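These are the structures, in structure tokens.
After this come two complexes, each holding subunit A, first together with subunit B and then together with subunit C.
What follows is the complex of A and B.
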């Protein structure tokens, strides 16, 4: 553990990243798909009797597009990388070291994309329609190029494929098993989102006949994507690692979340989002003059919900890793976890950012919480530790920490018996119980086993524990 | 013409498809048997004002949509729910019934979104001054509907009979008991005795699936009838426009078509919330056990809960009086603020509304984080 921890109170670092990420995904895909939309609309305008009027509307679309992508897109783009490097500095360090050139290329694409977008936007009155089409085309190719590059880095984190920490095969990591299905899903999605953005801008047109024609033009961008994306999701699913499939298809164990597997819930959400988009778009096609801003925003909200679901379940399947098979979510490298001396030795000696707390105290336990739990859990907010351990007894916690990794979704605990005892005492103190960590050490506990609620050590005897695929409301 | 058959109006004949087509034939046959053309004609010509606040009109339809979801999922849950074995039957719904927990989660989230939408509907009607004559009745019925839906939430919360629902209901009924006057009697009536037991379940169940649905359905019918008869309320800025500048949209299907995407988004939101955060079933209620940590009422009672905390000890009665006065004042607003366009009284009512809204939000958030 070589980096300080970002402790975000009741929200948790993961939720902050997720909130920024789902907004950024929507914006960035509109930014790329919108390029293709501009090209096709430019060509389409030349065949229209009122082509100049269509191009004037495209100027409005481009204004929305420029503000939307450069302000919201850029801020959330910076925000997402800023927050993820705070949430998991090790993971971002590895990605930078492995894909530094890919990131440099992506950055060049991004700058070029903005430059060409400004040339397109400010050239409306000066350039010929043909030049505008060329600039829009150049913008699209460059923007899609940035997607082609970043997609390699993003998919690497869940499906590194033949890449290993030993071979560091960049090509294998970049063109990993999830690369092509994810690229296709993102490409189809960006066309869909461009159509939805078109609805939103067109909803402000006052002339109903003209609005109707623009809406009909946008309809063709949405329907194919809404039908194809849920199906393409299955292809992506087939490339996932076995442990991820187990988590997603394994169902929720225990009363807490019911029997539906994460995969089923994800499929239901994808089906409902896709169907809602198709039905809503068909209503727009049937009554194009009635499309208003609220209706158009509603369709964007449906897409945003679909994206949110995809992101949520993908992150669920990533457990217990940040980079699958390489780095655990608590900052422990898989290679280090294989070394018992390193895994089970005193934790604070390895961790550099704990401020020199005294061993065997609640402050010790809090540092272990911050360094090993806080990347995923909060004390009593989102993914609350207080809630998840509400049935713990003093004797149970230390043993559960030793076996939690066997359940499949939790990383191994790093540290010795005193680290475990300090963490358990700290967790119990969060609900007002006062326990001396040293009283929880195994030699003292041998005489006090009576209150252990999990005699077989499986970790599943108590309701409310985190188990495979379980996601509850707190 | 046979007895009790009616003459199809000329206007209807013009609008219907030709008589030799199936739809035309069916339309004529129906109108000959049921003289409902004036109603059909009324709905055909129903119009909605078009102005910059018109989006708020959608809240009523959205609340009705969530209520329909509640009825549908509620009926499905009733198939398996047993008041005699509350926790065990909910556990069966969660663990054994195919898609049982999905339906239960949708029911839970839809209840929350319905109440949220009703609050938005109430505040938008308040700030658009939709309570003024002749719509006082619509406003009062709307307030009653909000109260009944909150009672729906309270009565449904106990039914799973888990730790959380038991202790939260206990806290709610204890507060109710403290209220002077009818408080102790009402709390005892709801509990079915001095303590919350499985007898309470029977009462809450009947309330939740028979009494409240009948009352709500009746009031929804009245509310909708009033709206149809009196038309949509117009904000002052729109009402002041000359007739030639006022724009309206036909309800069928122009306005209706623009509502469909909103309902689709609402449904997608329900499914997303239920898929990502399914409703948890806690351990079976143990009346003799310790209450779960940090127990709080549902969010729509949090403002009242937090407000009562501000009045400790004997001052609690003052807090309770305040809880009673606020809805009463809301009910009296139409009889105090009557002027069109708005006068000084109207301005004070607006300020009071802003204070109420801000107070509600602040107390709810405060209750949530404290």
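What follows is the complex of A and C.
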């Protein structure tokens, strides 16, 4: 509630972050794995009988690699940072204040990575073989080093471990329980992706025999990763906090509805992506002729799909927090939420960005929506609140808000009865119903109990309210 | 005067929301080291960022101009600038990261707020940078860079670059004007805003961009020296003529921008910049070093000596750094009614700071050593290439 909410219509700020992040994850992993690929290819190419031709091919790969990783990799990395500032300023502020020097070290790695890559690329024809191999090796080590650093901050958000707001132990937060499994998964994935990128460049080679050799070389990069990643994923899963596991496993809350839990979906996605990659690669190995640009890009897209699944899984697993157990997605601090007086007192007084709306109006409700819900829901686009409340009646809404926290994926509601009434009236107004928030206050509600959708008073919606395929679109 | 500013702030707050400004509280974690260190790091890296940015802006404009006018030797100089662009863009981005990090540590609550209010142009920076960076690579790698389509692409890339600068200036100026926040937020909560009514906006934009010609001029001076040393006297002299013209043009524009921004500032801020000890010192130092730099460019004209372009580079660095610091002094003054650095607690992370210092020094030494091993060979190779084509 410290910051304004970037209220982007049908997308929601969170989805903007996700879109940029998904592109970045693929490219940044290719960027690291590609470094190892360059080292091995440097050595290998010089042992081939037709060395010059292989080196020309490697030069093409290096050009592609340079342009791709700098133009798309570096910029989307900065892009994630930009978008997170807009979507979760409070969280990025905490991360930056806590880990500023880790980030600064990360920057030293960026600077070195970039410079070494340029020396490698521009010296391709003039450096000695030893220098080229050394530069490629240095590039790989540095790029992997940048992964080692950023991985600490990324995993911190989901598993802060022994770090708490009272005891800010940087080392414990950085080398948190999720750190090593995640590092291993990312490392294996990046080798896999480097091989896939190799396919793409090899697909442009005309000479069949030569192309075959390059493809065989790339195959060895893909197969181990495609087999290992699902298993490592399971290990990572075992480090997650119990509440996250409950959410992902579907548990009692039925988060994503339907018959599949997020966990099952993820398992299926990982299995399908892994299997397709192995099969595709085997086909490539057996019939190098089939490797054309489209096929190579399709393989990258399959990998991208797997990564997307993993990232959504991670995001979903972190709900309702941005930083697990510390800060909720909508900027509410867990320590503040534990104080009932603070949580249940009138909201506008504490919120900063309400613009002085008159209390008890629809405008009041809109502010509450924006400041408390809009970080995860849009009105009627992505994770639409209109759709999710389509069966709400005025009476039900206010009571549901009192228990929304029990679903496990949402923060507790902040505010008093009037704040709830204003929000409910606003939500109803989005689908065209006009209600005066003041008419929804509990003391006026005694007469309106008849149309309650929650007959047993448990605060849980009727089964019909659970939303099938919620995550996917609406 | 401070009182006047404070009063203005309070008044604006009263009219904006009726309930005080929506100023977020500083991060509860406080500063990881005393702010002066963060400021110093940010001045240093921001100066490098500005220099790389200036090199890119100046190079792309001069490149386009040379390609369109096409006098003798222009094409080869144009190619040099064209090849420089992806490189300078890389460093412009990379050196932009630390100042952006430190501004968030130091002034996060103001900076995040203004970024969110300008959310749309702010996020647009990313696709624009991807586009211009990609275009710069494309025109370097493509077989026929003088094709009108490619030239058009370069023009668009240059415009994208200028817009990115414009959006940054918008954000930075808005971050020191909390009294405008609520109004903009009400106007467009999706962040389709700009800080257009800031009186110093355009002057500031020019102030940031104008040295581009000067910095690119120094880069051309370097090339001229190389030509002269290689015995390509005519071409070297041609390069030096362009270098001097560009450097002078940049400084003239910068002087115009400087006068413009001073006259556009609110009176009390201007009197602070021109009379308060520290601000006056920084301004004087910047101006003096810039003049020294310009004189060095003049003296280096037609001389086959690295000393002049090297010393001119140093002089321009020393000219820019105090102005970057002055920029921060002005910000602190503008924020005084709402915020001051001294009020944020310091929870020192000396261990982490030390670790960073170790990495930084090790990284720089490593890169320097590599440069000394690789770059001379590259230059020699380039020389052979030029000989062949001459």
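Here, the second predicted complex is superposed on the first by the 452 of 474 C-alpha atoms of A that agree within 3 Å, B and C clash if a C-alpha of one lies under 4 Å from a C-alpha of the other, contacts with A are read in each partner's own complex, and residues count from 1 in each chain.
The rule is simple: a contact is a pair of C-beta atoms (placed from the backbone, for glycine too) under 8 Å apart; a residue touches a chain by one contact, two chains touch by 3 or more.
The model shown is predicted, which means the values in this text are computed figures rather than measured ones.
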Is A:96 in contact with subunit B, with subunit C, with both, or with neither (first, second, both, neither)?
-> second
Does the superposition put A:112 against subunit B (first), subunit C (second), both, or neither?
-> second
Now for A:233: first (subunit B), second (subunit C), both, or neither, which partner does it touch?
-> neither
Tell me which partner A:412 touches in the superposition: subunit B (first), subunit C (second), both or neither.
-> neither
In the superposed arrangement, which partner chain does A:177 touch: subunit B (first), subunit C (second), both, or neither?
-> neither
Which partner, subunit B or subunit C, touches more subunit A residues | C
Is A:33 contacted by the first partner subunit B, the second partner subunit C, both or neither?
-> neither
Quick one: classify A:292 as touching subunit B (first), subunit C (second), both or neither.
-> first
How about subunit A: which of its residues touch subunit C in the complex?
-> 2-9, 13, 16, 20, 63, 67, 70-72, 74-76, 78-79, 81-83, 85-86, 89, 92-94, 96-98, 100-105, 107-112, 114-116, 118-119, 122-123, 125-127, 131, 135, 138, 165, 168, 170, 352-353, 355-356, 370
Listed in rising order, the residues of subunit B that touch subunit A in the complex are 55, 58, 91, 94-96, 99-102, 104-105, 249, 253-255, 257-262, 264-265, 267-269, 271-272, 275-283, 292-294, 369
Residue set of subunit A touching subunit B in the complex reads 10, 252, 255-260, 265-266, 268-269, 272-273, 276, 279-280, 283-284, 286-287, 289-296, 298-299, 301-302, 305-306, 308-309, 312, 380, 386, 390-391, 431-432, 463-464, 471-474
Subunit C residues within the subunit A interface of the complex = 17-19, 22-25, 27-32, 41, 86-87, 90-91, 93-94, 96-98, 100-102, 104-105, 108-109, 112-113, 115-117, 119, 122-123, 125-126, 129-130, 133-134, 137, 141, 181-182, 185-186, 189-191, 347, 349, 352-353, 355-356, 359-360, 363, 366-367, 370-371, 373-375, 377-378, 381
